[in-house]
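The data blocks that follow each hold one structure.
Below are two complexes that have chain A in common, paired first with chain B and then with chain C.
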Partner chain A sequence: MSHRFVPVGWTRSKILYDAALLGGVAAYLVAYVRLAPLLGATPLDDQSLRMRAFGSGAFLLLTLALAIGPLARLDPRFLPLLYNRRHLGVVTCLLALAHAAEVLGWHFAFSPTPGAVALLTTEPGALPFIAFGLLALCVLILLAATSHDFWLAFLGPGLWKGLHQLIYLAYAAVVAHLAFGRLQDPGALPLALLLGLAVCALLALHLIAASREARVDADIAPPAPVAPWLIAGRAAAIPEGRALVVRPPGGEKVAIFRHEGRLSAVSHLCAHQHGPLGEGQVLDGCITCPWHGYQYRLEDGRSPPPFTERIATYRLRLVGGWIWLDPRANPPGTHVPALVLP
Partner chain B sequence: MRLRHRRVHLLAWRALLVLLPLILGAALWQRAAAPAREVPVRIAPP
Partner chain C sequence: MGWAARPPAHLRAFLRRLALGLPLMLLGLGLILGLAPQDPAGPRFATGGAPLPSLPMPEPGVTGVLTLRPYPLLHVGEGGGMRTLLLAGDGKQRPPGDLSVLDGQRVTAEGFLLSRGDIAMLVLGAPPRALGGATPPAREALGRWRITGEICDGKCAADGMRPGIGIAHRACAALCLDGGIPAVFVSQAPLLGHAYLLLAGPDGGPMDAALRPLIGRRVTLEGRVERLGRLLIFHAEPPG
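== the complex of A and B ==
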């Protein structure tokens, strides 16, 4: 969190995550270089093998990075993968850069034309594949360079999130790069199957998760008899330490937490990356975001000192066992007394 | 995620649902239309 600047706030979880990530990538690269010559019909030199190992590794990691979001929404057991996804994205970019370096070193090593110029003016097929690869690489570099809390704070979570949604463009460009490039070579059938399978699986995951969320988003809280209050739900339906997520008409969602016989309402959006606070739980007396563990006090939506994040709070009423919510957000960090349950 | 970002997210995946099969279809068409490329071989410098 944000009380002082540190380049990377290392924790045991992050170290384990990165160790598993780097170990997995190294194992994949070694396995590819050793096994691909045995499986492929055409003999390849070492540099070509490395080029393909880095490229396919980057594609698989990018597919994994894009699959983590819907997996975590469909099953909370995948949430630990989301915790440090940015490092996964940076490693993907490094693999893509290594792939590009190998390409320049192989195809244009003895060219009288500078490598970058030759790369931009050479397209072997009717459909361009180098241009798509370059587009994807540029997007990956931009996203990796801004994958840091400094840029998140500098741009604000809304703009940062919007910028990082360029990853979908990068994915389409990577698929085009593979489809118009490597798939045109003889003996690319295993890659074609892998590509088709990865794309279908990713699309299916995102569509299933999105349709489930669309159903929740469509559930708008009805108005109470007294304006501007809304009927949020039954107090008894909220488990201890968890939240009921309510969507006011035309507004962002609100999370109503129950903790030790009291109810408190705060914004559903974490101040860090707009993570879904209402899917988190109360730990050590604080609302804890399920994405990266940012914490907020129930009564005022402020992070415990020395941290400085704040989220909006809301007023609640209890009428005959039903929770009424005032959908007008208080300024972030405003103290609202918790609603005591009878 | 803000509702605005969720809408962009959903729109992006709907676009990809159309775009990715189109890309794969175009790749298959190019492969069928053109003779198969040879895997390039390293040529020693002069």
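== the complex of A and C ==
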């Protein structure tokens, strides 16, 4: 959480996550650069081999990073992968930088033309694959450099999240970089198949997750007989420690939590990265975000000291076993007495 | 959850499978992509031409007749055994020194040799030394041809890089040609037994500048072809 900023707040889970990630990257590079030539791959020069291994590795990790979001929406078992996705993004950026360094040190070296000039002048014709690669690299560097809670706090969750949506632009640029470049050469069929498979799988995952989200969003809470109250649902339907997510007409979603015989309503959006608080649970007496573990008190939507995050709270009523919700959000951190269940 | 000190019990087995499965999946993908045919200049492009004669390298150097059109070339040997070496300097640069005074002269040159298929390049470390006058080898006209293939630089195509051709190598080829490395045309199908042709302009000089945007792409060009010893020279005209 946000008491103070450290380069990386290491936990046992993060160490294991990074170990699996780095082990996977090392296995990929060793298989590509060392094992495949031993097993009879066409001999390439070392620089070209590393260039391809780093570039294709960055593409695979970027695909994985983009798949984690919808996977976690569709199956909560993938949520732990979401938590440390920033490290995956930074490793992807490092692989892309290694790819660019190999290209600059081989294809753009040994020439009297400066590298920067060569980048802009050596792509004659109609297929500008270098430009797409440069665009993707610039976006990846920007996103990796801002993948820290300092930047999240500095820019605010909305702007930070908007900035990091550029990852989709980077992915499109990488696909164009490959399609207009390497895939134009003979012998690129396996890479073409992998690219097609990855893009189709990613699109399918996003479409399925978006379709499920749209179905939930279409379920708008009906008005109660007394304005401005809405009928949120049956109190008995909310399990202990969990939430009922309600969508007011034209407003942000609200999460109504049940804890020790009381109901409390807060914003569904976490103040950290707009994670789905209503899909979290009450741990240690606090609402806990499923994405990164940010916590908020039930009665006022404030993070426990020394943390300072706040989210909006809402008023509730209980009428004949039905929960009524006042959809007008209180200012973040406003104390609202919990609704005691009979 | 990821933020918990230990993952919940019901997720541990699933996360263990993921932690083992991800590296294994990446290992498999690395092998598949690494083993895939990767060099577009593989056997298909190395079929033509005669074997390179044994050259006394690097001592005491190579002796032959130097000509400058369409590029600096060194013709080694005589008659049917003559072999023409493309000349280049270090890196992506033309041969060192002012060669204009050596045109048509017998010279001795030192450097290192690159070869692939039926082209060979001598990369010079120092300007050749003149030995005296000589008669440049004769050329034989082979008529007009329409050939499909790729424009590349003679250094990378001659095994300076692997792969030394292809779209991904386009920028490198453009820099090499800008630096004065002789251009070659890598034919899709061998032409009279040759997969690599020296690419010249219609006027007998270097490749026409209008062809620069076509570097690295699969193109069909037309022009006259000449035989110079064991080397074919393709005088390609800019398309349409």
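Operating definition for what follows: the second predicted complex is superposed on the first by the 332 of 342 C-alpha atoms of A that agree within 3 Å, B and C clash if a C-alpha of one lies under 4 Å from a C-alpha of the other, contacts with A are read in each partner's own complex, and residues count from 1 in each chain.
Methods note: a residue touches a chain if its C-beta (ideal position, glycine included) is under 8 Å from a C-beta of that chain, and two chains touch if they have at least 3 such contacts.
None of these values were measured; they are calculated from a predicted model.
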| item | value |
| --- | --- |
| Superposition-derived comparison: chain B or chain C, residues of chain A touched | C |
| First (chain B), second (chain C), both or neither touched by A:A218 | neither |
| Partner chain(s) touched by A:W106 [first = chain B, second = chain C, both, neither] | both |
| Touching partner for A:D45 - first (chain B), second (chain C), both, neither | both |
| Chain B versus chain C as contact partner of A:P80, first or second or both or neither | second |
| Which superposed partner A:L127 touches (first chain B, second chain C, both, neither) | both |
| Touched partner set for A:A179, first chain B, second chain C, both or neither | first |
| Touching both chain B and chain C, residues of chain A | 42, 44-45, 106-107, 110, 124-125, 127, 180, 184-187 |
| Parts of chain B lying in touch with chain A, wherever the complex brings them together | 1-6, 8-10, 12-13, 15-17, 19-20, 23-24, 26-27, 30-31, 33-34, 36-40, 42-43, 45 |
| Residue numbers on chain C that touch chain A, as the complex places them | 1-7, 11, 14-15, 18-19, 22-40, 42, 90-93, 161-163, 166-172, 174-176, 178-179, 212-215, 217 |
| List of chain A residues in touch with chain B within their complex | 42, 44-45, 106-107, 110, 124-127, 158, 161-162, 165, 168, 171-172, 175-176, 179-180, 183-187, 195-196, 199, 203, 206-207, 210, 213-214, 217, 252-253, 269, 274, 276 |
| Chain A to chain C touching residues, read off their complex | 11-14, 16-17, 19-21, 23-33, 35-37, 39-45, 48, 52-53, 56-57, 60, 77, 79-84, 106-113, 118-119, 121-125, 127, 129-130, 180-182, 184-191, 194, 290, 292-293 |
